[in-house]
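Labels run A, B, C, D, E and F following the written order; every chain starts at residue 1.
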Amino acid sequence: MGIHQFFMSMNDLERIIRCPGRFKFEEHNVAAHSWKVSQYAMFFATIEENNGATINWKSLYEKTINHDFAEIFIGDIKTPVKHASPELKQMLSHVEEKMMEKFILDEIPTEFQPIFFDRMKEGKDETIEGKLLELADKLDQVYESFAELKRGNTDPEFIHMYEIALTKILHLPLEKSIHYFREVMLKDIMEEDSSIDVKAITLKILAQ
Amino acid sequence: MGIHQFFMSMNDLERIIRCPGRFKFEEHNVAAHSWKVSQYAMFFATIEENNGATINWKSLYEKTINHDFAEIFIGDIKTPVKHASPELKQMLSHVEEKMMEKFILDEIPTEFQPIFFDRMKEGKDETIEGKLLELADKLDQVYESFAELKRGNTDPEFIHMYEIALTKILHLPLEKSIHYFREVMLKDIMEEDSSIDVKAITLKILAQ
Amino acid sequence: MGIHQFFMSMNDLERIIRCPGRFKFEEHNVAAHSWKVSQYAMFFATIEENNGATINWKSLYEKTINHDFAEIFIGDIKTPVKHASPELKQMLSHVEEKMMEKFILDEIPTEFQPIFFDRMKEGKDETIEGKLLELADKLDQVYESFAELKRGNTDPEFIHMYEIALTKILHLPLEKSIHYFREVMLKDIMEEDSSIDVKAITLKILAQ
Amino acid sequence: MGIHQFFMSMNDLERIIRCPGRFKFEEHNVAAHSWKVSQYAMFFATIEENNGATINWKSLYEKTINHDFAEIFIGDIKTPVKHASPELKQMLSHVEEKMMEKFILDEIPTEFQPIFFDRMKEGKDETIEGKLLELADKLDQVYESFAELKRGNTDPEFIHMYEIALTKILHLPLEKSIHYFREVMLKDIMEEDSSIDVKAITLKILAQ
Amino acid sequence: MGIHQFFMSMNDLERIIRCPGRFKFEEHNVAAHSWKVSQYAMFFATIEENNGATINWKSLYEKTINHDFAEIFIGDIKTPVKHASPELKQMLSHVEEKMMEKFILDEIPTEFQPIFFDRMKEGKDETIEGKLLELADKLDQVYESFAELKRGNTDPEFIHMYEIALTKILHLPLEKSIHYFREVMLKDIMEEDSSIDVKAITLKILAQ
Amino acid sequence: MGIHQFFMSMNDLERIIRCPGRFKFEEHNVAAHSWKVSQYAMFFATIEENNGATINWKSLYEKTINHDFAEIFIGDIKTPVKHASPELKQMLSHVEEKMMEKFILDEIPTEFQPIFFDRMKEGKDETIEGKLLELADKLDQVYESFAELKRGNTDPEFIHMYEIALTKILHLPLEKSIHYFREVMLKDIMEEDSSIDVKAITLKILAQ
């Protein structure tokens, strides 16, 4: 019914746990995840900018902090959806979109509705900011699964998550960022002590 | 991959929190909820049996312990869905059903698949056991929201939940059970100390 | 004071933690445990029924969901008691029984007292349902300890728990169920990745 | 098996929750409780000493930090036991004592056994240190229940706990300490904002 | 030792709890707080931009997501410091600054050090972005304390926090934002049900 | 404003977590830590007394239960401070001292202020009780880090903590206590199963 309600609803994202239902040594909420994504994206945007790209910082800021807002409606369900069909995945995206639409029409004052429709739409588009969001979002999956594997979580879900997210990152069309990630950061990741052999998993992916 | 995998997946329901995203003084997981539902249903089935009804205890047992198993796929999302359209609600049920189907075909040995398809289907049908499940499931919403209101949770969501669940119970075609609930138990509920005035809310519903 | 009080007291079992005092990577409450036991028992009862046994489903339902209700009085204390003498164990059972008796006389309406005395009595008797309860209860100890060992819990208590529960299961007079457990499920258990070598522990027990 | 095992077992008391099974806004473990008791006791012993009493500080130190050590065996069960009979209460004390005895004989090196038998015996005796322990232990019940009542916990258990503990304190034969508690501290307690009317409850007890 | 270490350290902020030591019905970590601050700031920056101001979105993005990074060193200690002297407050700021400096020199690659020194410095300067950060940071204190007061937290600390943060907001030189906050949002806040009378507290502040 | 406020503030130490910000499989609060320190100190004081030393039990009691009280002001920050300079460490000690002073002057009745100034001052002095406090405090760091290493925590911080605390203990001028610790207890520690090779780390330290 207004911006106050919108601000209060942000608190809900502190209670939405990522990867719900799986055993994790450490839980992460969607609010904290959004902050980490905004940090990763800022770093890689800096690399791109230093290498001559033009960054629309307002757009990157909007995309990163809003990209998971729709999870206040049905939570974080991507992992089990991956086990289901693309058709189901699409149906769920559609449900989320419709709920977001309904939320903006019901809760946001008319004067701000166009801005919210713009900010809350899917951010992973073909712009450089959309690609940086994709990189940052996948990087947080890499770090979340890496942390579980380091501590000895034997749930194969986290190996899958690490493999899929890492593979997607390595194929992203952000040459300078991916180069830095692969040549510098991935080496540091592989050097860390880890209960489950993350180095071997990483080398296998790099070899593909 | 087998019954071992099915048994392991039950552990996931201990990590699925009911009413996710809302502030609650006390959280409840879906496994514990299922146990409470099986207790409520047994009590009211006893009342119905004592009054001449025939209870299929195997069916009641199956219905109560399995009724929320599908929440391992997309969690407990009913509350926000209530704010959305019936069309979206139906789409989500369809998604859940498809995932359950896929799970049984992928994980349960062929010899047990017919039994699982039967047990995991929607239990709230027109049989007396289906109605007892509906009563028990709504009663747990009454108790969960009552506990929050007693302790002073001012989120209007819990008043809604209490009102809607109580109204549904009072209209269920289980004459003896509802009589006992209304004449005995509801009076005890209204006599409890409560931060938020549950007695007034209840009397308003009874007056309708 | 009535059924309402009885239903409210069920909430207490969501706060009673199994194996209190020991370090665990994941805690389990008695309500969720009771639900898992009712699921395991239903599965093995189905196997027995498919092989010609007659199952009293009402009795199995009653036994499984009520078997740990008395833990609302003194919690889950079996583990430390195992370190003590059988005499102390018997004294504690006696205390629990007396408290249950007092609870029924004080809280349950007279008309329902006979039913509650019947349902709340020790369920692990010589009937097939009593044996299925014993199997299901021990199986949850197997799964709880297995989950800790997988994740690298070095507390020897969990190795003891696994060994003792598994040994008891293998000696239960439920031929078809134990055959299925030993030949199918235990093989799946041994194939899982585990920080502590559960396969070796299992093979040693099978060899005895 | 040795002092190392004894020191490791102390960690268990950090996982034993006081008043298990009841809903509380804030949980307290037995280790932290023991520390608070040792603080309260030191303060009142100072008052007594300042008024001419002789305090055996070594004894007070031993009594306060060890008084709940036996809870590693069967946890904190006093509250439900109070609802049961004195006979059951006595049986449980006996069980606890036997377990403590067994623990010392099994785990503590022979050279230290006499010291441990002395330190681990019931501390609430007729010495001034025993009375100070009783005062301090009851005072922590007053503070634990007061904190729940302040925050609006409507469970009548906490009103009982407050009333019983406060009444016991007011009748303790520690004239100077009780005078200070009644004339100074209790007035501060009654002046605090509280959801549930602690002042009225307190005045009723003082009037008796 | 590199950007990987910097990214890993961000996880630490998910474990730093705001207002440590005080009782809260709900805890907030610094990572989630930073995300909420970045959301509030974006909204008010939009209002300012719509009213003719020029916003440096890159700067606002940097300021909001980094403003509490230094809390990885000594946590969130402002509340108790407010009870102490300004001199101590200044000493602590100095300690934090020195640790931040040391962290950048030790952990961040030389090529990125100038950027990090710039981003990690105190953000609440005299620019419009600095003022928007101040507004957003104080607004989160308003929301955190408001949520506690709504639920009946009687700790006077939260009334203080609400009063001080609200007063600071009302005096910020951001005319359009503060106008919107005061005339629209604050009215919605005062209309909410609340255990502790937030409306009265708010009106008293507005009257000053 | 009085002893009641002082007793209430003790509750805050149950909410101050040791080693904040680092991932731990198990958290410890400062209240429970203080209790464990008082237990270790009593044991080693007994060894010293049995070997002819004179123990001031009142002093030891005071020192152990009060040694971390000042953490109610700025929490447990020693770990990150170790990464910083001795100068910063000293500045923080000074801040803590000033806050303690202010607290006593503001909250403690005048008649008790001299006692509190005495009890709350740094306890690790050159007396035998001061050395026993140092031993006990370091021993709890040994046990806390050992527990993390046993369970597979790969954060190198816990190896550092174990090494530094153990080294300090081995050099303490408490001949009999250290002899017992080294010859008896450390051998038991090295014999425990541990995910990370604590035996090797320990032997390396002993060899220095």
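In the analysis below, a residue touches a chain if its C-beta (ideal position, glycine included) is under 8 Å from a C-beta of that chain, and two chains touch if they have at least 3 such contacts.
Small disclaimer: the values here were computed from a predicted structure and weren't measured.
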Q.
Using the contact definition given at the top, which chains are in touch with both chain C and chain E?
A. A, B, D, F
Q) Pick from A-B, B-E or D-F: which interface has over half of its contact pairs in common with B-D? A) B-E
(Q) Fitting on CA atoms only, what is the rotation between the copies chain B and chain E? Please report it in degrees, nearest 5. (A) 120
Q: Mind checking the centre-to-centre distance between chain C and chain F? Centres are C-alpha means, answer in whole Å.
A: 41
Q | chain B and chain C, separation of their C-alpha mean positions in angstrom | A | 24
Q: Could you give the separation in Å between the centres of chain E and chain F, each centre being the mean of its C-alpha atoms?
A: 33
Q: Would you pick out the residues of chain F that each touch at least 2 other chains?
A: 11, 13, 23, 25-26, 147, 152, 195
**Q.** All pairs of touching chains, each written as two labels joined by a dash
**A.** A-B, A-C, A-E, A-F, B-C, B-D, B-E, C-D, C-F, D-E, D-F, E-F
Q.
Considering only the defined contacts, which chain B positions touch chain E in the complex?
A. 23, 25, 152-154, 156, 195
Q: Show which residues of chain A lie in contact with chain B when the two form their complex.
A: 11-13, 15-17, 20-23, 72-75, 77, 80-81, 83-85, 88, 91-92, 94-95, 98-99, 102
Q: Report the residues of chain A in contact with chain F in the complex, numbered from low to high.
A: 25-26, 147, 150-152, 192-195
Q: Please give the residue numbers of chain D that touch chain F in the complex, ascending.
A: 1-5, 7-8, 10-11, 13-14, 26, 28-29, 31-32, 34-36, 38-40, 42-43, 46, 55, 57-58, 60-62, 65, 112, 115, 139, 143, 147, 180, 184-185, 188-189
